[in-house]
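Chain naming follows the written order as A, B, C, D, E and F, and within any one chain the residues start at number 1.
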Amino acid sequence: MIGQSGIAVRTIRRADAAQVAALGKFGVATIHEAMGRVGLFAPYLRPIYPGAKICGPAVTIFAHPGDNWMLHVAAELLLKGDVVVLGTSSTNNDGMFGDLLATSFRARGALGLVSDAGCRDTADLKAMDFPVWARAVHAKGTIKATVGSVNTPIICAGALVNPGDVIVADDDGVVVVPKDRAGEVAVAAAAREAKEAKNRERLGSGELGLDIYGMRDNLAKAGLVYFDDEASYLKGPSV
Amino acid sequence: MIGQSGIAVRTIRRADAAQVAALGKFGVATIHEAMGRVGLFAPYLRPIYPGAKICGPAVTIFAHPGDNWMLHVAAELLLKGDVVVLGTSSTNNDGMFGDLLATSFRARGALGLVSDAGCRDTADLKAMDFPVWARAVHAKGTIKATVGSVNTPIICAGALVNPGDVIVADDDGVVVVPKDRAGEVAVAAAAREAKEAKNRERLGSGELGLDIYGMRDNLAKAGLVYFDDEASYLKGPSV
Amino acid sequence: MIGQSGIAVRTIRRADAAQVAALGKFGVATIHEAMGRVGLFAPYLRPIYPGAKICGPAVTIFAHPGDNWMLHVAAELLLKGDVVVLGTSSTNNDGMFGDLLATSFRARGALGLVSDAGCRDTADLKAMDFPVWARAVHAKGTIKATVGSVNTPIICAGALVNPGDVIVADDDGVVVVPKDRAGEVAVAAAAREAKEAKNRERLGSGELGLDIYGMRDNLAKAGLVYFDDEASYLKGPSV
Amino acid sequence: MIGQSGIAVRTIRRADAAQVAALGKFGVATIHEAMGRVGLFAPYLRPIYPGAKICGPAVTIFAHPGDNWMLHVAAELLLKGDVVVLGTSSTNNDGMFGDLLATSFRARGALGLVSDAGCRDTADLKAMDFPVWARAVHAKGTIKATVGSVNTPIICAGALVNPGDVIVADDDGVVVVPKDRAGEVAVAAAAREAKEAKNRERLGSGELGLDIYGMRDNLAKAGLVYFDDEASYLKGPSV
Amino acid sequence: MIGQSGIAVRTIRRADAAQVAALGKFGVATIHEAMGRVGLFAPYLRPIYPGAKICGPAVTIFAHPGDNWMLHVAAELLLKGDVVVLGTSSTNNDGMFGDLLATSFRARGALGLVSDAGCRDTADLKAMDFPVWARAVHAKGTIKATVGSVNTPIICAGALVNPGDVIVADDDGVVVVPKDRAGEVAVAAAAREAKEAKNRERLGSGELGLDIYGMRDNLAKAGLVYFDDEASYLKGPSV
Amino acid sequence: MIGQSGIAVRTIRRADAAQVAALGKFGVATIHEAMGRVGLFAPYLRPIYPGAKICGPAVTIFAHPGDNWMLHVAAELLLKGDVVVLGTSSTNNDGMFGDLLATSFRARGALGLVSDAGCRDTADLKAMDFPVWARAVHAKGTIKATVGSVNTPIICAGALVNPGDVIVADDDGVVVVPKDRAGEVAVAAAAREAKEAKNRERLGSGELGLDIYGMRDNLAKAGLVYFDDEASYLKGPSV
């Protein structure tokens, strides 16, 4: 159950590695569109420095406000290439993650962290190039008193994440792809990029989206009226 | 009327090009001061990457939450050197603008976008050096179902913008100069900069604002009392 | 009294210079921990550009919304190496500080500003490398009409600051060290860093925090149960 | 110009009294719809107590953060039946309005206040039944140092208000009707209410909006597919 | 999948009616505790008027920003005693629900609405005693252009809701009980209330929680030290 | 030190009882003004129901996010007539206080609670008429794992509170009066009320604040210019 504490699952079924690799070629916006416009995390999660991009299966953490104990439990259970995702039982900005845990996570193979809590040692993390998407930068220390869970379903920044789902994060934010949809989404993303490449070329040459996408009739039907200038639209529509 | 939908105005009266060029030499703070401390957009609008600065006449868009149709209409109506400004009928963080529209806008001549909504493909936009000031970075896709307007008066981030007004945006935010005031504001901004240059030199040499601006008497009249140290102010004012 | 207006204190007792220098070797997170997890400013204060780090005794300002008069008073009273800290009588994002005051502050010796208000001319400040931690970037101009105080106790972003206390600010935020604790905190910070260096090495080699910190028994006592996989935890705990 | 200070206009052209009275029969939501879904103030403006409803021509105030001087200027210029509307030059929650000004406003004939700032003495105002829509309840005192304007165009909570426009405020928030549209909007509001009354009766009898508004075909065209139950939609659409 | 559009499920498995009735005797806080401290919606959802309390199976709606079409679809699919719960594809405060839909929902048997969007006609809803928990009161009109879903899993205010789960809402907020846990949670809630009744009596007589719950030793172990007065704790602990 | 954990002080010096009683006659706004416009808590603290008003010496609590252990410690240390004030080590909305603790606090004599955290069981608290000013209504349960302090100086909602200081709370919010200033503030508040009573009478008779307070000259000096109507101010000032 979402939000259940006291559980650590050793082995999870991760998304297919080849499909994860295929998804890793695309950005968050493309994958979100290719999935049918779902899976986005709320935009209050921001990268602690610009330019990072990661893609990997989720190891999930459920934690309580001000308590980062479960991150140590997760360190043992993650595999090379994983992305750690942390949800909390209530809103919390405390600095649950810093350079020591990043050192541990990196040594164990994690690519980065997506956390619905705070992060600290951000200059060190940037120097290490260990990316974090967090809701706050805050040095506030945390305790190790209450168990949460690792590798159970969580909600992070409004998104449902099952262990092993694929997490893609870049400057635009974070998106989750359910592990069983990873293959089809990678295919759809590639198709979308191919189509966009053509449109990008046409748009770059000055051609209009109005014409490329055939919008003019629909705009008129939806009620858009063109006027030659401000004066004329105070009188009536232009022909 | 503010917020009217269904109107696209082909030709707008833009601020005088020489005056726009003159304004473009100054930053947002200087222009805001030179106008008499008006015209600022709310500070929640932030550039998606640091270091950009643009100045140009406004092509305005009025859009509905989650619907970016009008941006395509605007692409046709903008001229080289314009700045596109988008207001919405209610608060919305969706990713109304991304690299395809930026490619189109650039091809048509736009300098950048100021949007009271979300923006996506931010890494691409930075690589293109196409600046956007937005209320959120969010990959959320948008629809094309409801018409808004292009080139009607709008409110964006609390500022009233008429089509053709001058928009200046830099790291400090965004300011609008009414098109008929562009000339006088450019003159006032130059005067202010000249005056500030002198004061900057004096301040840089260690001279105090208290003396340069003659504040000491007014401070005393307004009730400021100096004490030698903490102990003495618990007893009474120093002489 | 906190929030009293009309007082300017010329001479304050500053933290010991050697102790300030010792503290300057550590980051905000380390000092916060070394003090016993106190002294942090709220995380809504953010640096206007990344990468800055300062440490120095506080010259304090109490100001009213939209009024930056007291910053000029502070310019006279600060000494080389000071950090100016500004609290307000109510929430305000106006641009109380810009490049002219930064020029003055630098000429007088200030290292930077921590302000519970807005900041402007941020591109200039970055070019000058004069760091500011602020609650907003906003070009809004301010007046000089109401006196506040300089060098009295203030609350800034939820932290109590006495004049002469040590302020440390970096990418993680801001922390205040009471002047009489500066020495012991520097010692404790050094001890913490030494200990962390050892743990960093072990963690970097792949050793787990669970083992280094001996957490396994406490986790079990606190109720954490391991399961081999999702299927098994629907049945019961693994052995 | 929006945001200009130093102007007090004695006589304004108010909306027609009969049209104001006609508008006063309708709620905010109905008028917003009748106008074509425009004119709403941002929802952060809330009534200080539930159950109040007012409608009258706007006397406008432009004020600076923490300064309520202009409210006294407005007291002289308002007429019986007016609604005072206050915008600010930057975000401010200070208690610009309390029971003394309410006593004055009531004696001069004002129906209530809509303020993009804070309000205090709220228990007294409720006892007087003098309604206020404000962005905060805050006892913070204000000064009288900087002139703003009275009866110039303002922006309040994202809405443009010209002096004499009609303001309607109730538990749902606040809406402005341009004075020259008051008559037509009252007529449209009446028509909408008549139509809604019929639909309310049908809906109240259990008839569905799907049938009353003929939505079923459009929903199907837009892609809605019905399934008998969860099991079946994992297989495919129901017939 | 969470966030999938275009699906309407006619028949859902609802929680057992007797168990729903049993849960209806308890408040949100009690049920949250009885479930093991899970299931709460984020506290930004607030009742539009105080004093309401509802309990019933969830009919779920997934809607897009500014579009309330799916509420009409839900009206047909709900049964007497249901609670409608609405999640959105991105943050939106528009007034998706008002008195007409409330009239329809009531005629069809719904007890109330929990909505991660805005609500209007709040005075009418209060007069009807049709309770709504919403993220905003906002009159903003909505469109009917894009299909979402009805009776698929949704996330509302950070909580995962499956169709047929039990929703309890009162002045404290909203909680969801998975339908298969309704019986056990009702039993646990009753046990908790019985235990609390005893403790309430003891606490009401002046007995201390410190003694009732035996906290004194644990507090001491955790490091709490008592001092007789402020002076003494500057010297050391009292005995 | 602010924010120190592990301390419980049994006996505190409370403000003089007669002075507390004297202060209790005045509202928050009056006391704030009488003190020289200081001492207010941030306006995000709101009463959980309208109409309550309390005044008493502060028993202070310093607590950690999600942990309400110290409230039980405070229950023992409070005296009849006290107001409990709770600050936290970081932002937290969890429901630290509910009807059981309210029953205990009432039995021990507390008048109410001011808390920079969440509150639950609000319908019960209203029925008991036990008032709480809180930053959120949230049912989220809390733990008892980490000691904070009782009766040490705290910061709550941006205000510094020493144990024994006087807390006044009403519909306008919360204010703290340092215990050694209680007498003088009560006198100043009475003087202010007497003066306001006279002004209220004059304002109520229709006399203007402009005349009562002699503002007309100062307004003109500050730059306010009157115009007869909109047309004339586009030409120039009226005489």
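Just so it is clear, a contact is a pair of C-beta atoms (placed from the backbone, for glycine too) under 8 Å apart; a residue touches a chain by one contact, two chains touch by 3 or more.
These numbers were taken from a predicted model, which means no experiment stands behind them.
Chains that touch both subunit A and subunit E: B, F.
Legend: contact pairs of C-D compared by residue number with A-E, A-B or A-F; the interface matching in over half of them is A-F.
Distance between chain centres (mean CA atoms), subunit B to subunit E: 41 Å.
Chain centres here are Cα means. That of subunit C falls 38 Å from that of subunit E.
Centre-to-centre separation between subunit E and subunit F, using Cα means, comes to 30 Å.
Within subunit C, residues 5, 37, 40, 89-91, 93, 138, 140, 145-146 each touch two or more of the remaining chains. Screening every pair of chains for touch gives A-B, A-C, A-E, A-F, B-C, B-D, B-E, C-D, C-F, D-E, D-F, E-F.
By the touch rule above, subunit D contacts subunit B in their complex via residues 1-5, 36-40, 42, 89-91, 155, 158-160, 178, 181.
Per the touch definition, subunit B reaches subunit A in the complex via residues 5-13, 49, 69, 72-73, 75-76, 93, 95, 98-101, 103-104, 106-108, 118, 120-124, 126, 136-141, 144-147, 151, 163. Per the touch definition, subunit C reaches subunit A in the complex via residues 27-29, 32-33, 37, 40, 43, 46, 50-51, 53, 170-173, 175, 196, 199-200, 203-206, 208-210, 213, 215, 218-219, 222-230, 233, 238.
Considering their complex, residues 64-67, 89-94, 138, 140, 143, 145-146 of subunit B touch subunit E.
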